[in-house]
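Here chain A shows up in two complexes: once beside chain B, once beside chain C.
Presenting the complex of A and B:
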């Protein structure tokens, strides 16, 4: 009998967070200006999920990690050159848009279909991971729909820690309001976990892991199925950056005393 | 003709959270602006009677409730079943609910199965409904939970002791500490313990909520001894939280775009930084004080300590 977990991480790419993004409206709807030219990274939330998955797999013999990723194939390939060096996984690539202007429902359908097509999928060992939000679109709705499509009723969002007991039960910490965590126990897989930051730092690059991963990544990219996802039935009325431009008063050459008095007076207004 | 379902869940004491009253206010506004629409209230919780009575005067045509021990817990499977039953009982075409962690977890999944329009409203987006208590005519909606719905049990809540809790969503002021607090200072040394003392002293005296930049909270994950009370829960920005406070004071933080994105609901903003060309100076703060935050916060704490 097989043991260990089958951990499927859903995660894609986003423009590097240090880039200034400018929304534009084109013939196909809203998009980001020069989107294909922007440097991309693995979505930070998905990254946390991937590192947590690898950590769990490493500590649970017989486990395996897949990364199911929907994005433009060329961009995926670029990002995978870096991500592949972090932790061991097998890539399942889907060629399609990765931007913030797609409908969660359509994305979830594509991801669920890809997950169901994974050979040897065993629901009794299945953990579906992903970010609880996305740096391109913080709707936080996709994973729940993936879970529903897979018929998984045990779902957790904003997860910061997962521990496995000797009896196989899972203990999960989820973020709730006011800087607190809700603690739940679950009777093992299948389950969906949308990760917040987790508790692990980003792993250092490991060229050996990178070489092993690339043996499956390149074929996966080559056979990546083209997927049509958009936002059928949805019309985006307006897309704009929050207006944050202020007339900043820069105060120099004032003593700490004067500044402190001004700050306290402002706080007490 | 729309049937607008306001969907709320009770807290552990049976009351509705403040964000639920805001969502109810929004649902009422929308119902009032939509000809021929009907407002229905749907509540989930251990016992929803008190919550229903608390909003009896909101003008809803019906009050529906799913109650019982199984629905006291914030658990995906039982919540999904309860919400689905309420949506069907109300014949809802539009659902408005507060964007709480409980509803954020479950409503997208329900949207996939039922497909009404569901709007989760972030706290602070709408004024709360205010009105008289009364005796609501509460209709109980029965939900049969399958065995598979009970595999998860909520066992409790973990929180720092009240006097060590640095995240205060209702605080007047957000205080953000950046990585500069842990960097080498003018004397060529780091002063992390003094930084911690100054920051905690300020939080104690001002009752402000503490936020951090990603670069600061990441230092902890990298194994560096920094500010022990600063965790990822404090992180504000693109990959952190987007808190809502009337005022925000940033210290030792460069005001990079991914961080400042998290300030979009902070109305009045001031910053203290030694760099006059930092991000805050470029239209992101109302006032930038070019000064040493250690010195300034020492003085601020002294002033706050005065009666």
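Presenting the complex of A and C:
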């Protein structure tokens, strides 16, 4: 029996964070102005999960990584031109909206269905990875629901590190309140890990990896199943971007403690 | 009317430059971009350009190139590369991406390929295998150091910049034992040699200094060859400081097997298979296109920072409140800055269209060229003049193919057409005649006019433009553009090549076809300026034909190799026209293919409207330039009439201009018409000189007038494009540090 992991990473795309994001109300409800035309990137949280998955797979012989991604397939294709060069994986593409105004329950259902349809999937070796939240909407609910639908009870959110022991036990470092971490252990797969930033840098582009990945990515995009994950029946009372406030002063005659106290006081205002 | 909503993205560019179906190239673009906007931009922002020396800091670039696949791009898969087939478009895209941030980094990358190019194009199979493999970064498990190279042609004074045919570097026979391979002594001094700070091998051009070696050649020198391998002092260049440039000195003993392409021995004389001229011709005709594209990348990269600067110019002032036009639009309330930015953008688009079209053409031409060499080799026809003669014999067939291709299917001899179309030599001739014009045109126009327009972009940033803090490094880019106009053959070299290649009847026949093509486009899509362009092409063609047969006022031939005052401006005019044509064709491509891509389709109408306006603006500008040049050349070599006997004879007489009234209203009584003074017995009025006669030039006058009329609507297009700049969405910040 293989001791390798079958790692499914759930992750989609978000608008490039440098772009101007302006909420508008379109015929289909709230949206971002010109969202389809803006360049997109792999959701940074999902990116961390993907790089951690690839790292784990590389160090565990017999492992394989899938990226299950729900988004407009034309935009997914563009993003894959970069992501595919980072680490080896097989893409499972679902064609549908990827904005911040979709219903996370429907998204989770579509992702879970796609995961269950992956051929030769061995649930006893399954690790479901993803971002613990999304850059397009920080609800942090989707991955938990994917786990529930797959019947995976061991779930960890805000993960920064995963260590595999010689006995196969997983040791997981999770973020908790107060800037602290919690260490949990788990006997092994199946498990769901919602990653925070992890501890790995973004891998450099490697065109050889990209060319190898493309053999499965392009066919996957071509046969991507259309899914409906709208927000029918949901009413958005108000949509706005987080307001930005910046007050900069250069101070050279204060101690770090004084500065910290002042910042805390400012935050409490 | 729909207009541009966001700045053009990758989906659009892939269609525009025809690599929408090449995911290998799309990945390559992303890879090169991550290097450009990451390590390269950081180096520039940290001030790495402020030294002539090649430093550890700058050497990080090489590592980034290796890791991202830029180094191995040049190689075929069996040599360790990953892109199949010709790579002209691929290399052009990489250069474009790197130059978007810094031209020197692009040069650093391209110079490695340039060192390999003589070996790739003309080397023996053994030479190719050896050096291409060595230049591939070590794979996991391999214990070796990568070999980087430099291309050494240019020499110090007195020959620097004279011409590539003159070499002071010499190759002599050092040892030649019976039955053994000769050992050569190579002496070469280089100037302005890129990558010399770290190159382990050099491909050097030298002339024979020995009766036992025939002609010139290119030879491979290695760092460890016995003798002197002195990297020399860094060149104190003001630009492209992320590339290592030095003035090296070599005096080395090398085996004769290092002669690129190999050699034969005839009557005791070593005959290199290729002269240095034959090698560099094959190399430069490809690499010059990429250099041209580097300047176009700079122009397009300037659009976003300039818009951001214009909009934010007045923000922060106490009386400038958010929501007010002054706050939201800043300088964009003023028409002038918008019009000038539109010109910069249109030039960048036209240059990119021309450059990528040329790169694609070379991708098409490469396999045909190899096939041609195989066919000639099988026929026992060697290189150089023997091939030229053999190809000349096929010129008639190539012209016949062009003539048949314009005839409608069914109305032509299909068997003959198919036979000619499937003949690789005929195909080669047709494409080669185009490539011989497009390559120098791209290098000349993109860099020369591009540098001028880059200055315009800098000026749009005010004083900020010429500081190191200028977002987008526009000041650096302006100065860098000047080097791009110079290296790999300065502007005069490109003009000289064009004066020969643009008169090839095969090219001219294609130009005639393009005039018809632009007329048809003008009929279908009048807003593109295609009709303007067709009129300008007609005027150019008429002028060329006229000048080829005409003489000046002293009876000297006008179109002649030594008459650069005639030939060079005409070459310049052609470049404008070519760039505009490819820009129009690209927009038609987006219009046709855009609807199939959901991302492009979303804002296609506005996008096409905007790009069409840019085409119209550029076509009008090109037509204006070409018209001015043609008029100066057609009229400028005739002596102006004066009020003496001979002059009076040359000027118009009473009523002579009247017949031109139908094309020039009131011509008979205009511009100080001599009718007033030419009447018998009356003195000449002091207000004007005599007017010239247009004998034999009536058609040109008609073409010029038509051309002026064809400019109709061009300024309206500019107004629309300018308005689009005030509403287009731009990102919150530039995606690379400044």
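Here, the second predicted complex is superposed on the first by the 241 of 269 C-alpha atoms of A that agree within 3 Å, B and C clash if a C-alpha of one lies under 4 Å from a C-alpha of the other, contacts with A are read in each partner's own complex, and residues count from 1 in each chain.
We adopt the following convention: a contact is a pair of C-beta atoms (placed from the backbone, for glycine too) under 8 Å apart; a residue touches a chain by one contact, two chains touch by 3 or more.
Please read all numbers here as calculations on a predicted model, not as lab measurements.
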*Comparing chain C with chain B, which touches more residues belonging to chain A?*
B
*Should A:18 be classified as contacting the first partner (chain B), the second (chain C), both, or neither?*
both
*Determine, under the contact definition given at the top, whether A:238 touches first (chain B), second (chain C), both, or neither.*
neither
*Please work out whether A:105 is in contact with chain B alone, chain C alone, both, or neither, and reply first, second, both or neither.*
first
*asked:* With both complexes superposed on chain A, which partner does A:176 reach: first (chain B), second (chain C), both or neither?
replied: first
*Looking at the overlay, what does A:39 touch: chain B (first), chain C (second), both, or neither?*
second
*Touching A:144 in the superposition: chain B (first), chain C (second), both, neither?*
first
*Of the partners chain B and chain C, which touch A:249 in the superposed model: first, second, both, neither?*
first
*Taking the two structures together, which residues of chain A meet both chain B and chain C?*
18, 20
*Would you mind writing out the residues of chain C in touch with chain A in their complex?*
5-6, 9-11, 23-24, 26-31, 34, 64, 67-69, 72-73, 82, 597-599, 602-603, 729-735
*chain A-facing residues of chain B, complex*: 17, 74-77, 80, 100-102, 104-106, 108-109, 111-113, 148-149, 151-160, 165-169, 172-173, 206, 218, 221-223, 232-235, 238-239, 247, 249, 256-258, 260-261, 263-264, 268-270, 272, 276, 280-292, 295-300, 302-304
*Which residues of chain A touch chain B in the complex?*
17-18, 20, 44-45, 104-105, 108, 135, 139-142, 144-145, 147-149, 153-158, 160, 173-187, 196-197, 199-201, 242, 244-252, 254, 256-257, 259-264, 266-267
*Provide the residue numbers of chain A that touch chain C in the complex, in ascending order.*
16, 18-20, 22, 33-34, 36-39, 72, 74-75, 78, 81-82, 84-85, 204-208, 210-211, 214, 218
